[in-house]
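Here it is, the structure, as structure tokens.
For reference, chains read A, B, C and D in written order, and residue numbers begin at 1 within each chain.
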Amino acid sequence: MVVVLKKNTDEARISELTEWLRSIGLEVSRNDGEFETVLCLIGDTSHVDMDIISSLDFVEHVTRITEPFKSVGRKLHPNDTVVEVNGYKIGGGNFQFIAGPCSVESAEQICSIAKDVKNAGAAMLRGGAFKPRTSPYSFQGMRAEGLELLKEAKKQTGMPIVSEIMDLSHIDLFRDVDVIQVGARNMQNFELLKELGHTDKPILLKRGLANTMQELLMSAEYIMAGGNGRIILCERGIRTFEPYTRNTMDISAIALLKEKTHLPVIADPSHAAGISKLVKPLSLAAVAAGADGLMTEVHNNPSHALCDGPQAISPSEFAGIVKKAEEIRKVLNTR
Amino acid sequence: MVVVLKKNTDEARISELTEWLRSIGLEVSRNDGEFETVLCLIGDTSHVDMDIISSLDFVEHVTRITEPFKSVGRKLHPNDTVVEVNGYKIGGGNFQFIAGPCSVESAEQICSIAKDVKNAGAAMLRGGAFKPRTSPYSFQGMRAEGLELLKEAKKQTGMPIVSEIMDLSHIDLFRDVDVIQVGARNMQNFELLKELGHTDKPILLKRGLANTMQELLMSAEYIMAGGNGRIILCERGIRTFEPYTRNTMDISAIALLKEKTHLPVIADPSHAAGISKLVKPLSLAAVAAGADGLMTEVHNNPSHALCDGPQAISPSEFAGIVKKAEEIRKVLNTR
Amino acid sequence: MVVVLKKNTDEARISELTEWLRSIGLEVSRNDGEFETVLCLIGDTSHVDMDIISSLDFVEHVTRITEPFKSVGRKLHPNDTVVEVNGYKIGGGNFQFIAGPCSVESAEQICSIAKDVKNAGAAMLRGGAFKPRTSPYSFQGMRAEGLELLKEAKKQTGMPIVSEIMDLSHIDLFRDVDVIQVGARNMQNFELLKELGHTDKPILLKRGLANTMQELLMSAEYIMAGGNGRIILCERGIRTFEPYTRNTMDISAIALLKEKTHLPVIADPSHAAGISKLVKPLSLAAVAAGADGLMTEVHNNPSHALCDGPQAISPSEFAGIVKKAEEIRKVLNTR
Amino acid sequence: MVVVLKKNTDEARISELTEWLRSIGLEVSRNDGEFETVLCLIGDTSHVDMDIISSLDFVEHVTRITEPFKSVGRKLHPNDTVVEVNGYKIGGGNFQFIAGPCSVESAEQICSIAKDVKNAGAAMLRGGAFKPRTSPYSFQGMRAEGLELLKEAKKQTGMPIVSEIMDLSHIDLFRDVDVIQVGARNMQNFELLKELGHTDKPILLKRGLANTMQELLMSAEYIMAGGNGRIILCERGIRTFEPYTRNTMDISAIALLKEKTHLPVIADPSHAAGISKLVKPLSLAAVAAGADGLMTEVHNNPSHALCDGPQAISPSEFAGIVKKAEEIRKVLNTR
């Protein structure tokens, strides 16, 4: 951390700050320039609240030069974390497909899609029971009943199930859900993250629409700080000025997050662009960039879907993606 | 709403769609062009789920031409809503200052600042008890205890209190809070919004970092749909590429929201830029743009603050802003 | 195009507008709703200036529902354009690697890198002679002399050369350059685009940092409108709020542009992220998403480079990317 | 500037770098931490090319902690620059209105608007002769002929004229133009900036759609480096995700730029939002935030305008803004 002090700052105040910084375990090196004094702080600054230092009236600005996260970072944990879900492994060279409908609508629908995506190569079944919708007038999901139908699909197919939680008060309803998904809009719902840190469930944490990679890692740090290290990160597109796509998939994030963290990183190409024609190219791009898995929306009959968006693809399209994705993984893994 | 159909779409499918649209109360006008067929839907389209139509494989794209909100819009409710908080009115020509520290830290601190900002002209006291912090290692607020201290400050000064809720499970703790604030990170916490729609408390709804004005209005629509129309909207800066400021205050939003909705719109210049020197110019700019109020972070002693960010100002600086703001309001209100 | 008129607009003005629209060859269908009147315009609206209609005081808003471009669009030209450069083809299933240093620095440097990248599989040599630098104090390129050195490298290797033009007054200097590159900052330098439309050179048109895909296509339309259809589009990253990467490569743009236009689309993974470690994953992702080529910065000795940014890779790293990229192309091209 | 070196970097390479840094006049202070070595560079780093240091393979990252600009910054030039145009002063407490049509269309039109805006309080006349348009099919301006008509309007009214240059080859045509405007799309047309640095004309430099404040200042630095210090900066809105407005006016930029630079800063509220109803609130907000002037699009008859966008206002609306703006300036200037 580098602290730039204003010119002509009172020496007594500099000493006071320096002593306080030393008292919390940091080495402080001082450098006096023509226009400012620069303090260089060496040591573990992850616990230092930058805002407190910034708020001092003699401080010009503060810049972090090391990452503010710790448990999720590679520096202290260089080896890949492998998250295991009912025998299926993600991370550390293991890759999984997660697929299913946007929303659970009926037993027939979810069981039929589950069988289809399993046959096509998916390991896990996704399905929305609680749906975050921009409009109060849009379908809000089958809620608790939807979770029951997912369990029924699990019984019939043996697939672990993945579903999104929208509030910590629902946590008991998710007892039989295998992977709890935190959606983009809840990535910084810190009360929920803390609660999930106390469970033993794998958490699929989606990047928020306007959140930086660092913020995503800090949200994972919240979960790990609570004791739960079974976290799968998911890139699903960020909000930009481009109107042709619903979001802009940040393909760099997949490769770069894997440099920064030991946690597995998957991609959701369906929500990233919001256009079904783009699901295939974006899926293959994510695999080529090093993703540890793909989460894909698959419908069985788009004309009757209550919520499957314009981004859902058919089971046979999904099967085509699985095939090509596995071939690309082979290209990456051979010398 | 305009639905563009792909060239050579089967007539039977067009009829099916047209009939369904008519069955939900819309007039449908069809226009055949060289490259596409365009359906123009006239009527109340706020209840129509665009995604369902978009997901049809013969639909090229769908564009809304009227707003998706209804209760919060001016079309059906042309007159300004006035939100009254213990006798203080906001909206419809009424303007209020809300001020206080970032975080409640002690009885002395909050009571002292309360008196200072009241003397300077503030009507209501703000103070954070539950704090959303990016890092799990940063101070998370005094929580329930902080709310108690706010109530003490209210007792001593008579000022209504404003504090941020972070989860719907805390709603009972906010029984004696006069205005419940929904922070930027919770603007699309739909479960929380629904719950707040069933209370009779005024809600201060902040715009999310990456949320459009339309999404802000849709979140207000969630609260109104539950029966609670006492909503104050708050512009507090959006996330852009500019690194000099923490966020970019969207000054246009203040003027434009007031065109679109009858609800009062205030500004939070402290969080908008994250720089104390900018609080004054941004405050005056917001007033000049037509804001119905200002919410400002005021500290009493920045060197000892646990969380007051670099954006907090002193009580005397706040008093200076109040004075100029009132003069600018006079300029706007005289012919 | 859909024109929404304000409620209670004078019939005479509606007739006047309608007649004018018909006089420029459009069909106009009128639909009266409760709150507004909607005119649906059918026909070729690419020549209609939306701003003129928007500026009428009785118009609420105007929305395009068909694309404003024509010559570059797939509707009238469904087949892929193949751009040929000295026998090397790009587009229509043909893929090329373009590689070389950020800046030309000396005859030895450019000729040595040229041989290296040719051996590694590059078809064309890139090298900056005129350099757009944010700071006037940064190295601005060797300019005309740099172009001479590129020609020398071409003579020694037979590789066609690609270099960036910064002003239309330099156009004569580019007589022997095989592909003229328009950089991101000049994507909307319309005077330059018009001039390039009158040349017979292939143009490599990079997307601007904050330009939409539609604006990129409109800039290509400028060149085609002048008579030059030999255009290669290039995605090189857009500006977003994410600070870890210099820009955010818009991987969706590669796939989506190829849906919208018949022109070839390549990617520049070096500038997209600005980090050399990301060049390989981004290159392979771009290939997997369907790119028609890659343009990559390759250095020979980074410690002595005058301008090679942190995004340049070594010739052997480049050779590794070429190998994997070709294998992924094989995966895509087999059934 | 702070340079973070990778752990275990060879001592010989650190020495080599340190010596080179000292040879270009910087003091280097070294700090060894557990995970990295940090070099703190003190002195004038504005001439240091960060990219060269970043590209070294043992450098983890480089952060500037002082501004890269020099001539335009306040550190060495604390007093406000006053730009004088034919007797009208901008900056240093002097405020001017610049108004006129989007495009010059005829002698009658430009002379009539010139008289109107002069009567309403404008000091200078703006009018577009060369128009940057996204589509090649849109009206491109009257070009050289438009400049002649502007001169005619100047002759009739005595108002200095402001017009946009689109290419350096047109510079001779602007001999009689009093203020040369560089549009948003040309803010980083460095060849043009260099050329303008050699003229003695006042330059009105608009911020680019996706350019940071620092980049705007660096572009001004280009002009000053050439010898021309008569520069007026202009905030005109940046590109964000918000679709209700064409651009998002960055109101903070007005106040913050004035902290960073001694150059005058004006606002263009017409282009910022692209909506005529917002021109008044945005104008008054810009004044309240400390702008040194306003540049406003005024039409005389919108129904016949060839290019006046939806953002133009009438002369009487403009007069209303002038009146209120002057009253707000009085509020700011009195104690």
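A few remarks follow.
Following the convention adopted for this analysis, a contact is a pair of C-beta atoms (placed from the backbone, for glycine too) under 8 Å apart; a residue touches a chain by one contact, two chains touch by 3 or more.
None of the values given here were measured: they were computed from a predicted structure.
Put simply, the chain farthest from subunit C by mean CA position is B. A rotation of 180 degrees, rounded to a multiple of 5, brings the CA atoms of subunit A into register with those of subunit C. Two chain pairs, B-C and C-D, are compared here, and C-D has more C-beta pairs in contact (counted per touch definition above). Subunit A and subunit C have Cα centroids lying 31 Å from one another. Distance between chain centres (mean CA atoms), subunit C to subunit D: 26 Å.
Chain centres here are Cα means. That of subunit B falls 39 Å from that of subunit C.
Each of the following residues of subunit D touches two or more other chains: 210, 239-241, 243.
Interface of subunit A with subunit C (complex): residues 210, 212-214, 238, 240-245, 248-256, 259, 272-273, 275, 277-278, 281-282, 284-290, 324, 327-328, 331-332. For subunit D in complex with subunit A, the touching residues are 2, 4, 27, 29, 31-36, 38, 40, 42-43, 61, 63, 65-66, 75, 210, 239-241, 243. Subunit C meets subunit D in the complex at residues 46-47, 49, 51-52, 54-57, 59, 68, 130, 132-140, 166-169, 185-186, 188-192, 194, 208-210, 215, 218, 221-222, 225, 239, 299, 302-303, 305-310, 312.
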